[in-house]
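In what follows, chain A forms one complex with chain B and a second complex with chain C.
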Partner chain A sequence: MLKNYRAQNIKEYEMLPNPYWKRINEEILFPEKVLDYNKDIIAEKNFDNVMDVDEELCFKYIKYLELDRNYGLGEKFLRFSEGLSNTGLFIDIEAGDKGNRARIDLNIDSENPILVDHNLIICRENSELDIFINYEDDKKTNGFHNGFTKIYVEKGAKLNLYKIQNYSQEIQHFDSSVIFVDEDAEVNIIDVQLGSKLKGVNYDVGLKGDRSFCDIKNVYLGTDKDKMDFNYDINFLGRNSKGYVESVGALTDKAWKVFRSTENFIKGCKKSEGSAKEYVILLNKDVKSHAIPALFCTEDDVIGDHAASAGQLDGNKMFYLMNRGLDKEAAKILVVESSFVPILEGLPEENMKKTIINLVKDRLGGD
Partner chain B sequence: MNNDLLLKIDELKVSIGDRNILKGLNLEINEGETHIIMGPNGAGKSTLGNVLMGHPEYKIDSGNIYFNGEDINGLSVDERAKRGLFLSFQYPEEISGVTVENFLRTSKMAVTGENVPILEFQKQLKEKMDLLQIPEEYKERYLNVGFSGGEKKKNEILQMAILDPKLAILDETDSGLDVDAIKVIYEGIKILKEGKKSFLVITHYNKILDYLAPDFVHILVDGKIVETGSADLANRIEELGYENFKK
Partner chain C sequence: MKSRKKTYVEDIDRTIYDISNKERHRFATIKGLNESIIKEISKEKDEPKWMLDLRLNSLEIYNSKPVPTWGPNLSELDLDNIVHYIRPDTDMSHSWEEVPEDIKDTFERLGIPQAERESLAGVGAQYDSEVVYHNTKEELTRQGVVYLDMETAVKEYEDIVKKYFMTLIPPSYHKYAALHGAVWSGGSFVYVPKGVKVDIPIQSYFRLNAKGAGQFEHTLIIVDECAELHFIEGCSAPVYNVQNVHAGAVELFIKKGAKLRYSTIENWSKNMYNLNTKRALVEEEGTIEWVSGSFGSRISMLYPMSILKGRRAKSEFTGVTFAGEGQILDTGAKVLLAAPETSCIINSKSISKSGGVAMYRGLLQATKEASGAKAAVNCESLMLDNDSKSDTLPIMEFKNDNIDIGHEAKIGRIPDESIFYLMSRGMSEEEAKAMIVRGFVEPITKELPLEYAVELNNLIDIELEGTID
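After this line comes the complex of A and B, so read on.
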């Protein structure tokens, strides 16, 4: 029966139709066959409890793997990772264990064009973990990535998660994360989405415990005909819980973007506070940008707030910068840089910020 | 004084939307000269500065602008900057995420088209900041973000000092400054003049006369220069008001 965890998911996966994302007018096509992925995804770590996924492990962790409902980008994506993953990590940080760090590379190349990961991260009580995930490719492989990560941050624990997705436009990128945050636990995420021609990124957070905390920051870039769908859901259950989402992006050429965020205040989450902010710079009039923020409340005693705004390049700002000798392209890039920096300053290393700014310059300068 | 003609504005008519703002303006500035423009609110002084700099919102209906003998009407804003024009803004923009130092080095390289070695640049920056009495920590701050009105204006002059233009247009750089700051700025400008630099100073105060000896004072009313004179003219405005200069 246990052996069936993957088989059962594959069966469900196969029965599901391909999703059609109407907001960006795109039917998502999955690879017909999932080949082996032979790269080591752990670039660096300073702790032991990391396990390659197998059936036995799935059994051991079944209560963490089976969720009460469908989270993430949608059933097809989830079942795909659960049934057909060709890599992934189970990380289980012991109670009270601090200072844990790992660097993970989810890279794609011509030998490993399909990357399907299924991950479980558990931070037991009062533990601490920092994870850095990089997404790169060889820039010549028509590749596909689908990831599904289940994250449990137990009482008093703290998780920092930094993702830098810098795939080329040959890659399709789908990433779902579901995060449960217990009492006094804290999650901070900075998610940088620079590349990939078609991407879907989804976070679904349950602030279960009293005084649980979650902060998600995202910066993104859309160039050429990139299409992207970002979704951030925060469910407030515990009292005095706090959840924040902030997203800043820039779109140029014919890029399409959908940003959704839902703050869901559930009865009992008294004194909770949440906000979702989105700001996008439209560098070109051919871009399409939708923002769909939503706020649901079954509890009155909360503060919820959301704001979405989109702006053309500010003409006076451009005039100012060009007056100081910067040509139009350089001025444009500076305005984008300037809007990304407040978020990138949250990265723990100064050189990460610099690297990202340079990548942004390269991508915007290339047209 | 060197008498090479630097800027020549010839019967300039400018509109925004369907509003005529400059209505046949003539002005000549030679190398090394300081010109002052005074005039009532809404006369078109900032418009003149913006048009000289090539602001895309303003439309030149007729007339010409020559800079160093070249017709610059078709040039983009940055091309004008590269040729040595500089406008100090009445309301400087805030650019978060970019420090004063990084921005200045970037723009110095953009204007000159040459690499500016970092050590040499830092030395230069320190010199000019000292001259303008700007505390050193300001170079690490984001450009104009959270700066007071006066600090922003000082920062404009700092940028001018670094970029070293041929013609600097200062649009009300002295408004909103306390007396000490005005003194620092104008004494700084005096030193920066270095003989060949020309200035077009837009101001409402004749305080400037205490520091800079202008070669000409012009009165701009309703889109035209209605009177040109020496420094003395600024004092007469003080007494008579603009009413008496309107045509």
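After this line comes the complex of A and C, so read on.
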């Protein structure tokens, strides 16, 4: 069954043309051959039900693997992961099982330059799971990552997902996640995107159940000639569901960013609330920034809003800091850092926040 | 126990718009579109050759472009069944007395002669494909203001028209701009000389009476340096059970330090495909103000665009869209910030009810040259029932770091708390809801001339059947 599943996806993948992303003027080229990935991606876990994908499991989980439509970055990316993945995980947390925690390293090096992961995460009723995913590389390999993760958060369950992508400029990074949230279930995501010369990140959330909840927070940095396309879709189906997206970023050099969000209130999702906010700090005259925050609504009994803003560093803040003895560059870094902090405060470990702030400083050329 | 009925907000009362006259025309092309029809229209108008060439080139472009698929579904629009040119059975006159009775009555019902007497400096009235009445107050003529129907302008001011005509909206802009270029007829030409400030508005009204016809008027306005003008455009048609199409074009040139307010109340019938194109080019320290009310049509695709080309040029867009049963009103605004310190404000309100679809679609672009540009965009949507649809899709593209740009959008229905508050102050539920809806569109009504503000409030006629248990 697994063989057939993969074969079908490979066939579809091969028939699809390479996507052309016109907003950032980039044709996405996929690796000609996917080599084996020989690294263990589980760095830490305190539970047992993490499995490598095999024939038997595929049969058991097929209903979770086959989706009703195409989500994520696009068909080519999805079929690539479903057909040609060289690593991946099935995580199935039992009902009522709490305190689960895992750290996953999706790292790239010269011996493993191509990373294609296909993952399935199921949090059964009233379970809880925290997952930390790190994306690092050896800073010298021209690499490629494409990931596709299907997530099911069942009734009353809670998932906290933290992603910190710190690839070097040599890596192309594409990541699609589709998340289904049932009644009274909750998903919190903090997605930190610092590196990679070309990246596409896509979250597609279905708030299926009544009182389902999703909060996505994103921090990003664009330097050099980075190109990036972020897409956050929340579909409100259940009554009293709540969905929030907040994105804060900074662009410098010749970085080019596209931010999209869609709040889709579907008839029947009464009393639901949604909000999407994006703020980008523009640090160089050569940056390019696109924002497309969409609101679609076929249910009147909802509250939805979005806000997007773009601008330079706050002149008053800069003046104050420079008055206190900081030079312009240091003041700039401090202002960017301070705009990221409210989101980074949501990380469960203080050292994660410090690490990210140091990485931001490094990338912006600070001490 | 009394049953509690759902609050019902009436559709716009269209009685005065829906009265049609018996069709009497002097000339009409056959249905459809081809080269010989274009030549016939041009010959009928006794046009210069460059205009015929422009028409034929536009037809070629029109035929080469596919029907756009990114917006409302236009696949049912059958232009082979549309009569593209109908000359009414009258000449253009400068006195209402000379206008045939039935046509005059139509405009009387719409309040145009009365508005002219009371508050307008000039009026143009188009009936089907041609302008049937055009008049300018002497004072305006003395100031050197030129206000003519487009056909006369092509002949009397050929050099100016040739210099500007379809340069801002070239036929290549999109399929329906090309259609317009091929079959345009009627419309207004306005030139306001340097430094002249026209205190009283002028108005052109476009009435499409013929069944299964198209209206393709062209409006060309040039407001010269430091001059000012308020131009009002109104449009309506009676309802038919066949398709009608409107693909007008509005080209506005606002020179250095000049200011133009362009107000539109569009109330086409619900069989109309309204595929209008409007663009303004604003030079240094010039200002364009759009005030736009979209109420009619089956499908509207209307996104007035401001191209802010000169330093400190400004644009302000204030729009309201009311989509009722069977309507898909896809409206919005586009702004190109293309010079230093340019700025724009966009305020858009939409209301949808009884299955109507209201869509805000916007584009805001800042070029590399737009250093110091500022923009504020605000969109609010109100859904009056659960059968309707309301969407917001703004696109923002910036190629400059020295900008300050913000966009906000909200969607929802009338909050229960607001109704409760007003009811606690002694209002009935009906009054409370009516007040909230009127308050919602108030930013638009206050921008309109008084008689249009009254008309707008009449259009949004609130009727409640509900009782509170």
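Everything that follows uses one rule, which is that the second predicted complex is superposed on the first by the 363 of 367 C-alpha atoms of A that agree within 3 Å, B and C clash if a C-alpha of one lies under 4 Å from a C-alpha of the other, contacts with A are read in each partner's own complex, and residues count from 1 in each chain.
We adopt the following convention: contacts are C-beta pairs under 8 Å (C-beta built on N, C-alpha and C of every residue); 3 or more make two chains touch, one makes a residue touch a chain.
Quick caveat, the model's predicted, so the values are computed rather than measured.
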| item | value |
| --- | --- |
| When chain B and chain C are modelled together on chain A, clash or fit | fit |
| First (chain B), second (chain C), both or neither touched by A:K60 | neither |
| Partner chain(s) touched by A:E337 [first = chain B, second = chain C, both, neither] | first |
| Touching partner for A:K271 - first (chain B), second (chain C), both, neither | neither |
| Which of chain B and chain C A:K328 touches, first, second, both or neither | first |
| Which of chain B and chain C A:K317 touches, first, second, both or neither | first |
| Touching partner for A:R103 - first (chain B), second (chain C), both, neither | neither |
| Vertex chain A, arms to chain B and chain C (CA centres, degrees, nearest 10) | 80 |
| More chain A residues in contact [chain B versus chain C] | C |
| Contacts of A:D300 with chain B and chain C, given as first, second, both or neither | second |
| Shortest CA-CA distance between chain B and chain C [superposed frame, angstrom] | 13 |
| Residues of chain A at both interfaces, chain B in one complex, chain C in the other | none |
| In the complex with chain A, residue positions of chain C that touch it | 368, 371, 381, 383-386, 388-413 |
| List of chain A residues in touch with chain C within their complex | 251, 265, 267, 282-312 |
| Chain A-facing residues of chain B, complex | 50, 53, 55-57, 76-78, 81-82, 86-87, 89, 92-93, 95-98, 103, 106-108, 110-111, 159, 163 |
| For the chain A and chain B complex, residues of the former touching the latter | 314-317, 319-328, 330-331, 334-335, 337-342 |
